[in-house]
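Next up: the structures, one after another.
Note that subunit A is present in both complexes that follow, paired respectively with subunit B and with subunit C.
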Partner chain A sequence: MPRTNFTALAAMAALAAGGVSLPGGAARAQDQDCQHPIGAVLSLSGSMAAIGSAIGDAGELAVEHMNAAGGLLGCEADYRLRDDQGQPSVGVDAAQSLVEVEGAEILLGAIQSGVSMPILSSVTVPNEVTQISCCSSAPSFTELAREGGTDGYWFRTLPTVRPQGFVMADLANERGYERTAVIYVNSDYGLSLARAFEEGIEAQGGSVTDMVPYNQEQASYRAEVSQALRGDPDSLFLVAFPADGATAMREWISLGGPQNLLLSNALRAEEFVSAVGAQYLTDAVGIDNAQVEGPSVEAFNQSWEERYGEPPAGPGLHTMYDAAAVGLLAAQAAGEYDGTAIRDAVREITGPGGEVIHPGPEGFARAHEVLAEGGDISYVGATGPIVFDEFGDVTGPYLIWGVGEDGALTEVETWQVERVNELMAATGG
Partner chain B sequence: MLGVALYLVFFLIVVTIYAIVVMGLNLQWGFTGLFNAGVVAFYAIGAYGTAVLIGPARDRLIGGFEMPFLVGLAGGMALAALAGLIVALATLKLREEYLAIATFGIAITIQLVALNFEALTGGANGLIGLPRPMFDLFATPGGYNLFYLIFVLAVAVVIYAALERAVRSPWGRVLRAIREDVTAARSLGKNPTTTRLQAFVLGSAIMGLGGGLYVGFIGFVSPIDFLPILTFQIWAMLIVGGSGNNRGAVLGCLVVWGLWTASGYVISNAVPPGLQSQAGAVQAIIIGLVIVLTLLFRPRGLIGEEDVVSAHARDDEVTTPQEEIPAQQGQ
Partner chain C sequence: MLQALADGLLTGSIYALGAIGLTLTMGILRFANFAHAEMMTWGAYMALGVLTLFSLPTAPLGPLTFGWPLILATVIAAGLTVVLALIVDRFVFGKLRGKVGHLTLVFASFGVALLIRNLINLIFGGRAQYYTSELQIAVPVAPGLRIMPDQVVVFATAIALVIAVHLFLQNTRLGLAMRAVSESPPLAQVNGISLARVVRWTWIVGGALAAVAGVLYGVSVQLRPELGFHLLLPLFAAAIAGGVGNVIGAVLGGFLIGLIESVSVLVIPAGYKLAIPFLVLLAVLYFRPTGIFAGTTGGK
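Right, the complex of A and B next:
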């Protein structure tokens, strides 16, 4: 915890021991006696603890910015962060308590899909509370939304892996691969990406020879690789994390698998390239989320650095800030602190049209002015422009990367959001 | 204040579901001395069994039979009992610590099966959109939760009454005899293997019932619902409450789960903004501390096991129904 100091820890311990309830922050732009609680459920301990606490800070930063810009609907936005300990039952309880006891109409989180989903089905949807997640990537949310199971209360600022699969399928097609095998990590992420790829290939009239899942952290993936080779593929789509991916890739090459390789985003790592050997990867092509650039991203990075003294590095920070910002601005635009009104306002404050609003107190202050005058705003956030589709999902720009002969990671091309959306529309994604 | 009441209803539903599972474990460990370190496996089998039976049909899935909830519940329970039978037949000859390791392995196996048997369990994504029984009849979620609380309470009361009856019967005395001294029990002509098998299967079925009730309430099931830590929580509830006493088991659920959740509430309200993200660790410390202190000061649990073995030994107590005595004498 580089941002913690001893004074702060001691203060926290003293407060926790005394059970004192503090009504708000020390630094506040104005004195207001009313508060709108903004609920957040994240994994501060448990298997996601390593990233959870910084994600919590990102949400808090957005709330601070909103308060510095004049608060929320004439009151103070009060950030209430609860720990789900990586356990669905704990997360559901925290969410229920935030909604029923503390009166939150916006719920941010959770990180893991397996926690976000029970919160959605048993807390936020029945109680008509808007839920915005920074980090849950499972496609089951899209499926549930399509069935009408979310009533529109679900949003996420993290681009889903589904478009990635379709873009990869398009690349495979472009390169003339006709028989691709897929080896994927057996998690919601791997399964979703592999399935989207299969769907994309089928939409383009091709077929996948084999879909082979692997379980993480095994010493050898010979069995999985042999199974993938059985269908005589001309190419491989590997969805993996660097260490396991390198193991599988070495075995693929040693068993004589073709070097027409398609690689997933997590494999864009020096570690993977050096473990496999750059000479085997010159025909490989991979995908990753493109680093969004522009003044809105800069504005976030800068205010993060000012607040926490280091650049925002780590997963989920940009998306969490945007999740909180979208919720807060939507509530401001709705004119009332009510989950259903906020849900309906989310698409009004995002997407093209309206005055562009960037992260930071100045941006939010400008949003207050425009909204007060009855104008339209268009939030362009820490992750760039945000457009929610009808299922609450966003699409991001993608980067296509390759490996040079010297082992350096190279950038092949960038797919802008518009091109991704066109492809998705054309292939029925 | 209405909000607090609504939250309490929700909280009590979860406590009651866990209480059912803990009573199942109490039958196995508290009365029979079977160290089941794989509680979560039977809970998961009941949950997935119910989910598969009641879930909506989907192309990718084998399940989705859209059966009525009560049928699903019974099915989940039966599957958990079947799993308990198989596990018991394979492992009950093992002594305590070996049984613990074997059942722990089984719990991990079941979680991995849930993660990998995609066609049945939906894999890592879980099973979504499961119907919540009679949900449409209620206008507000609070009203529905109140209904569901009454339903799970009724189930818990039936199980409590049945277990109390069973452990005070001659069969219950055999359980305790086996727990205390297997050789002595065998020398008296009792068959420890059969009795242990019965207790294990019955306990597993009760755990499975808890899983089914959880699914009906949450409307979703996925492998991370069944992490090994849940086994630890269930055990903590039983040990803190008082192993070998069903009232203790229920009280333990209330105390441990209350502590688990209330600590989060207190900390998030006590910690100033700016430090919220660091507060998670404090919660874990408080939970651990309270459990350790409870055990130090009340090593037998909050309500320990009663010292009587037979209903005959406490004729002066009004808590024992009088008609029970002739029925037992007749056996």
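Right, the complex of A and C next:
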């Protein structure tokens, strides 16, 4: 029984951490003999095991905070974590038992897109259960949502690369580039960023002359660069990783490509700049994820440290906490523990407009009060403000960077989430 | 189209240089030497090492990005590559030759390849490096055709070496001996040809050509420890397409692969370019298992 093991482990961990008494201890003792199961399917073993159990802890922390704040809809939220072993078939079985046998109406997970997808299509959508993932970043979910395949039951708290493409398209437009060629790394990431850029460019009235994919680890990209140059572009959007990106960029400049350059996030590296030569990159502009800061992030970091005795370092912790918190608050706002009602409430409790709620028992307690009074809440979580678009994706703040004459990486400006969302709304993203 | 042809010829000339050495070792030593491509890497890095070690001035020659120091470094690198080839033969292939099956030699060459690549990785690090940080801007020579001065030199050097090797094999006694061994080792020995000498010279010629090919590749692209490894497939495809042991065939095979790779991008997405040498190889093996140019005059 994985659950028993996990609970035992968690209990031991709590004891080991110095017998931290749960803030919810008192609340739990109240007459809460009913339970609402909160399902979670994560990779506790397998290739993602190294990060999986900590991500599980992040989900548990949110549930603990909710219980400490008074529970969920008058009952206790019961966190039920299952291992998918990194395998889709195991993950689907686990999700099936959580949803069909135990009656979970919220399913958190999975980590890998390859596991989340079959759970979504064969468990949560057919059973009308809201699924929120902390970590699956594949663009195929957006595609599926666009085609109506998710029925809106899919959300994720990890920003996809899609908004980056739109922001870059806006920069291209702002700088007066009209014909941009795109060279992108031939992967899910590269393709989706390139496509988003193309969409954004077209919405802004510009055009993309050529979209050229390249395979990683090639010694030369002359053929790709020649192909990109065919349409006589006035600028280039390069979606690449530093080493290959430098190769392609050198060949682009060598072959006489214009030095109006737009660069993807991974190229924000000294290695890239020094290999290409800073003198060619002074007109370049790039994008990267900006570090989110603010009281809501601090609130999460602090309560994590109190609970687990160390700062929250590692991927997926902030996003998992938010995934769980969004599910719980949506259920509370919906007034009933039902997947469809939760789905419909998710956008009510996020986004601007209501009273701002931060992570932690105090924040959730305040959420209970406001909701009980019939007010609106706006959850600002461990990853900052959260706005789900119509496909269940979120955006993040971005940093625009450039290269100085001396080769140093400079920060040009920061795009806050609000500005990104405005742009996305204006250009149909 | 014009640009694709020019690019294809340039890449093809480097493939051709590498494939000559490969086809010679395959024909004369009678095994597929997977370590051959690593000798290109070795040669390229040795030249870089010489340049850095003696911190030679990188005074460029005319419009080129390199000058006499690199040419000197290339000669030294060729020597060092020959030394490496002879050492490897002395301690690995020589010990196995005649005692074990063909496959064992192939696996041994795999081991040698790994060893060389990781040795380079250890000494020079894994990141991409260049002989010079100067970037050369291509000159438009015709509508839709841009060529860099370096490319012209690389191409000319490759062609000159190919001709030199051809003349060497056709007109010298040693060349004759090498061709004889390639044809039939027992018959050659019966006629008083020293097998050891021919083997030694095969390594010398193959190693030196590999080193030059590596440097030319480094000049026109970049230096990476995986340089040779990524060239392995095109080289084998060129050598096999040309008919194993056939030097002219290997050269034509090299150009063929280079051109097809480059032109194919006009038709298929660039992402599938990698598959082209495979397809050529499959097609050749299916229709003409002995190679397209087998039977023509050349090294065979």
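Note that in this section the second predicted complex is superposed on the first by the 249 of 429 C-alpha atoms of A that agree within 3 Å, B and C clash if a C-alpha of one lies under 4 Å from a C-alpha of the other, contacts with A are read in each partner's own complex, and residues count from 1 in each chain.
Methods note: a contact is a pair of C-beta atoms (placed from the backbone, for glycine too) under 8 Å apart; a residue touches a chain by one contact, two chains touch by 3 or more.
The structure displayed is predicted, hence computed values, not measured ones.
Looking at the shared chain after the overlay, A:Pro213 reaches both subunit B and subunit C. When the two structures are aligned on the shared chain, A:Ala372 is found in touch with neither subunit B nor subunit C.
In the superposition on chain A, contact is made by A:Asp93 with subunit B only, not with subunit C. Between subunit B and subunit C, it is B that contacts the larger number of residues in subunit A. Touch criterion met: A:Gly149 reaches subunit B, while subunit C stays clear of it. Touch criterion not met for A:Cys34: it reaches neither subunit B nor subunit C.
Once the two complexes are overlaid on the shared chain, A:Ala408 sits clear of subunit B and of subunit C alike.
In the overlay built on the shared chain, the residue A:Ala50 is in contact with neither subunit B nor subunit C. In the superposition on chain A, contact of A:Glu60 is made with subunit B only, not with subunit C. In the overlay built on the shared chain, the residue A:Asn186 is in contact with subunit B and with subunit C. When both complexes are aligned on chain A by C-alpha atoms, subunit A residues 186, 213, 215 touch subunit B in the first and subunit C in the second.
If you check the complex, the residues on subunit C that touch subunit A are 3-4, 7, 11, 127-128, 130, 133, 135-138, 140, 146, 148, 217, 220-222, 224, 226-227, 230-231, 261-262, 265-266, 269-271, 273-274. Considering their complex, residues 186, 212-215, 217-220, 222-224, 226-227, 243, 246-247, 250, 253-256, 271, 275-277, 280 of subunit A touch subunit C. Across the complex, subunit B is touched by residues 1, 4, 8-9, 11-13, 15-16, 18-22, 24-26, 44-45, 49, 52-57, 60, 63-64, 78-83, 85-90, 92-94, 96-97, 100-103, 112-115, 117-118, 121-122, 126-127, 138-140, 143-144, 147, 149, 186-188, 191-192, 213, 215 of subunit A. Put simply, subunit B touches subunit A in their complex at residues 3-4, 6-7, 10-11, 14, 112, 115-116, 118, 122-126, 128-129, 141, 144, 217-220, 222-225, 227, 229-230, 260-261, 264-284, 286.
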